[in-house]
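Shared chain: chain A. Partners: chain B in the first complex, chain C in the second.
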Partner chain A sequence: MSAARTSPRSVAVPAPAEGTGWVGKSIPTKESVRFTTGHGSYLDDVKLEGTAHIALVHSPYAHARIRSIDVKEASAMPGVLAVYTGEDIRKLVDPFMQLAPPPADKVLDYPLAVEKVRFVGEPVAVVVARDRYLAADAAEMVQVDYDVLPPVMDAESAASPSAPILHEAIGTNRVWDGVYEYGDVDGAFAQADLVIQEKFHYHRFNSAPLELNAALASFDRRTGELTLYTNNVMPMFCMPLVASSLRLPSDRIRVIVPDVGGSFGNKINSFPYMVLVSVLSMQLGRPVKWTELRSEFLAAGTHGNERTFQIEAAVRKDGTLLGLRGEAFDDTGAYARYEPAGAVIWAQVAFSMYRHKNLRLHFHSVFTNKCPVGPNRGYSRAQHLFLYERIMDRIADRLGLDRGEVRERNFVRADEMPYQAPNGTVLDGGDYARALHRVQEMLDLPSLRAQQKALRARGRYLGVGIAAALDSAGNNFAQVRVINPHLPFSGNSESARVWMDMMGRVHVAMGPTNQGQGHETMASQIVAHELGLNPEDVHALPGFDSHSHPYTGHSGAYASRTAVMGGGALLGAARELRRRIQVIAAHLLKTAPEDILLEKGEARSRRTGNALPLSVIGGVALGNSLELPLDMDTNLSVTYVYRPPFRIPSHVDKKGNFTLTYSYQVHGAVVEVDPETGKVHLRRYVAVDDCGNMINPAIVEGQVIGAAVHGIEAALLCEAKYGADGQLLASSFTDYLCATSLDVPPVEVEHFITPSTAGPMGVRGVGEGGGTALPALAAAVEDALSPFGVTFQDSHLTPERIQSAMRGRAPTVPSPP
Partner chain B sequence: MYPRPFEYRAVTTVDEALRVLHEVEDGKVLAGGQSLLPLMKLRLASPGVLVDISGIPDLSYIRPQGENAVEIGSLTTHDTVAHSALLQERCPILPAAARGIADQQIRNRGTIGGSSCHADPASDLPPTLLALDAEFSIVGPKGSRTVPAKEFFVDLFETQVQRDEILHHIQVPTLGPQWGWSYTKFNRREGDYPIVGVAILVRLDSHGRRLEEVRIGLAAVNPTPCRARAAERFLQGQEISPAILKEAAHRSTEGLHPGSDMHGSSQYRRDMVQVFVRRGLEEAVTRARLAGGNP
Partner chain C sequence: MKRKVSLRVNGEEREGWAEDRMLLVHFLRDELNLTGTHIGCDTGHCGACTVLLDGKSVKSCMVLAVQAQGRKVETIEGLEREGKLHPLQEAFREHHGLQCGYCTPGMILSSLYLLRHNPSPSEEEIRRAISGNLCRCTGYVNIVKAVRAASERMATRVEAPSTEETG
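And now, the complex of A and B:
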């Protein structure tokens, strides 16, 4: 990270003025060509001579004490190089650092289970063998003797003092708990015309990336250097964890991320496996590779945070929300591998898009005997936004008001932007009500209502659901200090390097890893725009390599941050390189640097029209440098770190600017529900999105559609469901039902463009979509079945759940719209 | 994803297949591989020798057997069944059931013989073949024999086909114009195995008013595909009315012991059998009336 330049403060730069206008163009993503023609190079495509492969032995129990593990037979199998148990690994690595404050910081978490198993699928032993088949054969021969313990399967009961304890060392199942209180909550309830009480449950699911977790470690005994290939998408943030667990100085670890086939946050928690293959490689002196199985991913990868709300809403007769109070139970699973970050991340959207001022939420993060949770598209915010949208629907229904009208009454208004919410977060522009109106128009609400009425008379049930959500991006890491004031994290930053070679060709590399979002294209567009080039002529380095890519500790592709954070870094680096080129060109063209225009691969004097191709500038600066004065800077490699102007939130009042930008979206769903079977048929889906200025609108559209589809399948199909005995029921793709193109209608997308008041180039992050589809679909199903008077508290709507709610109910007279 | 070790033998004639199956101890027939290979990858099945019959040319055909029947070779793929003009004309319920199986890739490989021999109670073809009173021709070391559908499916994943035998072909009847049919597959996601599957055949009198004969095949509600005999008996000879169809739907769950899974409890499956038997009867009756000129 040489020559890092730090921007003094956030620059709310308007859409770039100069250049050939590549920013804002829907050019096809350049990397898609290799991805769609079979030329991507993913982790399993990395082949190293002499690689050994591993197979994991998993716990069949949710909660059990390990009495003994017999590896004798397995060790003697053909091709087996070694078998390690949790006890063996414990002697070789240090446990992972915990984010939680005491007592949960005392939890001992290792790559393999030690003493106890705490969820079905937890790895207890590992076989290393010459190939993957032999490893799997031997893994079956490992004999584990368990003492089965009662499992704890839901967060509320886990929090009770009588529950069995997962981690005896801390004597409680609580990871974290604390009260967030903003405004005068009791005052709000005293003024209420109506108090609504509800319980909502946001279910467990993840986003099923096509490529699963994988890692390949190669320890070089000659140099003492470990090369760790990983598809973790936040590798440099994980590096301190990995290095300290391995007891290796970080300068001995080189991290390489090849092409990544999707993550949606799910790959952030792969560090235990990164440590495992690394320590095995160090032990055996040969490369060791692990590629996850789908069943392993489903059982022991990452699930999104499952959350239960016990909530009360104080409401005025006109539908104004005055205050919310209640409890949230976050089921974090068996280990806190990214948690309890989720216990504060939600506060980025504490008040959602609404103006009310009073909120008290007692938040509990609790261990249960399930897969550890971690970031999943809309991490920790989608849960909270679901709560708000369902509350808005309840307010409307209870007061006999229109659901849209109630939202409108409570929305932050366009003329209040930028708007500071009571917890200090700042909404950076937009017109929420107008987006809602547009969705209503796109759906043609009046004619839908007429159709609904006509169909009801024939025993068919059509419903419309509209929901809104924020998509916060570019988080301020200091928010974790709300949960643990001693954590050494704050702010956010990203690094990019732009450089020109002797032939005048321009290269760019940055910290965020590409998981298919089009980073190479977006980076090329920004650099091309600033340097007067064609995006095809900018070479964006694929993947990530800690030896060639710049990075900061915050680097990675998570929390919708790359356009904002990476964009800021790219812009800074490209502009500084432009300035240096201008200085050199001005000297050669005998003019002033301000007179130099970069266009069509040339540096041209506006005044004289004389021009030099960039190849001459590169050639002179880097190879023929005596043509330039000795005191002229010939360094054509610029690394720039972008850093937004965050402050450290107060851990006492829990207030602060938690995130830089807030995209928003309003989604509308039209469903038909079969009242006899409970099956939901999605007829239409529309989305309006506003992420400010768009670097590449086609990429934005892909993100909006992708997020909508993930939400739709989560609402209707995907559930990481466990039985009461702790067995994972959705243990393969037979039962974990991802949507296919046959299950989702085309998503109709429109964009609003309200430039961000905070993000560089007026850009807001986009990519998670706030889980908007979940409340939209719940609302649509309720609307369809309103003649039956059924309501739903769960974010997941199975046919059976709907059918059993309907059992014994008859429709009332066709109700008025 | 990593099966246990196995040996692989590709055979090109029925005789060769039978010889190999006879010689080896733990041989298993491989047809389209769409059920067997997933089980092997999950290590739920681990045959020692895979005897791949997919290269036997004369087991893939659909041909008329006189006027009243169609013979289908056991290697005929779901896709071929789905698009067969002969079946469409003589026995359209079978292509309809085949069209809903899984996805195109799987339909291109999966075979009617494999689906029958695998005898997964949640499959689409077995209840349909059961409703059709199909006949299964099996060849083995002792020669060949023909088994009626009602005896073919023995238990969960178990049929009359013994370890050293292969299913050669299946014969289904030609359905005359007085017949109506419906196949309903109820699932959460397109192409998945059904939560319940209902195959219905009805034969009406010449006025289209009375049910002369009814056959109801059910998937995913018992350890084997089964017939709703109580409902069939109840309907036989009845004048068609909504109340009668509803009562029959009610009786169709008699003797069923559906299991529970995360997509449907036992109770839910029973409820769905009732819904889809009623709807399926209505659809089949409508078809029969149209075909018989009594709309």
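And now, the complex of A and C:
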């Protein structure tokens, strides 16, 4: 089904400096042994003696003032240990630090609602009980009296001065707004042959990992130490938030992240719950566990950023895009728990993969009475890339050109790489046009067109859509200073520790959590590759534990970063350990360090062929060290921090290199649409992906397919839809539809390998390219229904939406082949 | 009120205490400490909790522990034989049929039920058999491949008898 293809400028993975060439091999993941036998250890599998469980009481209203909460009856229920309201918790913790500049920095955000509720599902009280059943029983008995307020349900109206205000303390619903302007936008519009005006809407959804959020806190009153088990995937970035909210010094908090059952970004905003179980454990002096319900996840977990664009494109009649200008409204929901980071993260792909130079976007982040948004696969970039792809389709359609040709005309070319976009971001290699051609070939476009024509004559509507996108990885945190110059974040880094013990065994640990990307496997491959071992012989510590794993403040599994950032750290640590081993071995073998080759678990002199097993090196260095000169370094534990060379972008001109590497992908979809029912049948789906050198191609392919399916289901199935009254209309998997094995065809993948000019080992990040499916499917559905002349502005293509667009329309002339 | 529930799990007699309303999945996980059976939803849609009850695949979040009294349950922990992986486990591993692994136990049990009744299923039959199990990571492609590979492997080997038979 898939084959690796090599683009003309591609080279294979570079030969290893030493050893056995494990980088680039599709070995089965190490994790799969415990996962296939039921011995994975996910958060809810962690059991501590005497654990109490919590159940949350949720707001049934989108916007209301809390008049009173009566916990009397609930407190008297069997097994109940305590009931806390938002007011109670407010006295025990500090509100979360806000990223936004004034006035939105004054928003007060606590783990439970205080004074007001601002979205359906917001927790207002918590019951702690002996077990989860008793906690749930008692939560039902908590009586909350509300004064219902009018909700604000879309970003554009929320931004208007007459809208009801969510956070009275700041007097506005604006989280942030600002204008990004690059190039000569008005000049571009003055030269345009055609100006296209459009409004696009990118809907709300999330990627819904199968394992729900959970946290288990255990406070030891004797030592004053809090052990916090969490499946948060950016735990050390969250730690300052958690520690300061709990008023605990960070050295009193140990964070353990066991196996994580998927995240896709959705497990970053769980810090309010981490604080909640922690403070309850501190209060009650026993472990307290929270396991989220699916209904809670859907209503109060994380939604992806919902965005509306009002946009104008300046175009030359040959299809060249000259400039874009307009407004973007990000509906961030009721609290800014990661926002307004999304108001700048999109700028990593400000110009997408296109050559045009002029862009002016007024970006608004706005509070609404919906679930807070946060990272979701393709965070904030997928929305922007959707805009570009839809604009390319519009340009082609308006000018009567081929949609593929218009993209080709506008793509950055292979011979321009590395290419600096007008906002300072650098595309680090690739051949976009060639990937497009390959997708067209895989789909056999001419025969599809013939089929389309034949089917139309019989009243059946086949369509094909192709879209392209970038997957940026290794973000420069300093980009948040574009929105708030006072934020103490910049750069990016990752830490890995590689060490050899006295028996010559090699161990590795690193900062990112493991949520299914096979980090233990890829770490073992890189270390084995560098030290001449077999990956099976490298012991990779599972999960993350702040007491045993190295980390930096950037550590975590998010933004497609682990291959790039973790890869850089692993490489640095393994190479330094190799050097130290070489020095010791050279002394023992009476040769020079450069003469020592590490291979098959031995240190061997190339010159003499004499060799020592690593167990001897470890034994001498760590236990028999008088065999070595006193001034020789016997430390066989290396911690290395990898740090790409970023600079701080200017918050005045908003320019800078916002991210390190860019994978790209082109996706093609073939659909058949039933014009009566509006149902879309996905017939075929193909993808070409180029993430540079691959550490483990099977893992990469898994990421590409998984991401594509998330995009497909986002386009066709799932939506976190709200009614006008603020009720969430998707409260379980009954109405929040995720793709089953029957909903998606086998995604076919091919890889190009153009090594990155920026990332270590020539790798780029991978895993978030799935956003490509949304514009590809919108394009395919429009193509299918082109005889009816319908277009779609929304990223979500439900049968209802398609039916209503079709209403009253008959097929016009049979469309040209 | 709690009552004693005795059942045969993976061929072994086990017992524990359960209130009438306790779900089988919670009984397995919390009373018997068999945490390989997972929970991914509250409505019986995700299949993460799939086990075999008297040889039939069921969602253990839709069965009460007391309903399993005296019956036979097979969970993911019972598939290995003398330290050797079951062909389905091997195939999921070799074909990269998992990422986070959270759906894997349920997927493997649904697949086991399929292969016991249909030793050489078509792609379509495999897809139908696992359609009650959500995988949020893999897009199903490699899961289907793994089940097919396991069916081929099992056709050439005799499958180890199910735990109910050995037990």
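Everything that follows uses one rule, which is that the second predicted complex is superposed on the first by the 799 of 817 C-alpha atoms of A that agree within 3 Å, B and C clash if a C-alpha of one lies under 4 Å from a C-alpha of the other, contacts with A are read in each partner's own complex, and residues count from 1 in each chain.
Heads up, the rule we're going with is that contacts are C-beta pairs under 8 Å (C-beta built on N, C-alpha and C of every residue); 3 or more make two chains touch, one makes a residue touch a chain.
A quick note: this is a predicted structure, and the numbers were derived from the prediction, not measured.
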item	value
Room on chain A for both chain B and chain C (clash or fit)	fit
Which of chain B and chain C A:L293 touches, first, second, both or neither	both
First, second, both or neither for A:T740, with chain B first and chain C second	both
Chain B versus chain C as contact partner of A:S804, first or second or both or neither	first
Partner chain in contact with A:Y133 - chain B first, chain C second, else both or neither	both
Which of chain B and chain C A:S207 touches, first, second, both or neither	second
Broader residue contact with chain A after superposition on the shared chain, chain B or chain C	C
Superposed model, angle subtended at chain A by chain C and chain B (C-alpha, nearest 10 degrees)	40
Chain B versus chain C as contact partner of A:T677, first or second or both or neither	first
Touched partner set for A:E31, first chain B, second chain C, both or neither	second
Chain C versus chain B - closest C-alpha approach in the superposed model, Å	5
Overlapping contact positions on chain A, where the chain C interface meets the chain B interface	132-133, 293-295, 732, 734, 739-740, 742
Sites on chain A touched by chain B in the complex	55, 132-133, 135-137, 140, 293-295, 676-677, 679, 716-717, 719, 721, 729-730, 732, 734-735, 737, 739-740, 742-743, 798-800, 803-804
Sites on chain C touched by chain A in the complex	19, 21-22, 26, 29, 33-43, 45-46, 48, 75-77, 79-80, 85, 88-89, 92-94, 96, 98-105, 108, 126-128, 130-144
Complex contact set, residues of chain A against chain C	1, 26, 28-29, 31-42, 44-45, 47, 132-133, 207-212, 259-262, 264, 291, 293-295, 515-518, 698-699, 701-703, 705-706, 708-709, 732-734, 738-742, 744, 746-747
Chain A contact footprint on chain B (complex, rising order)	1-5, 42-43, 103, 186, 188-193, 195, 261-265, 268, 271-272, 275
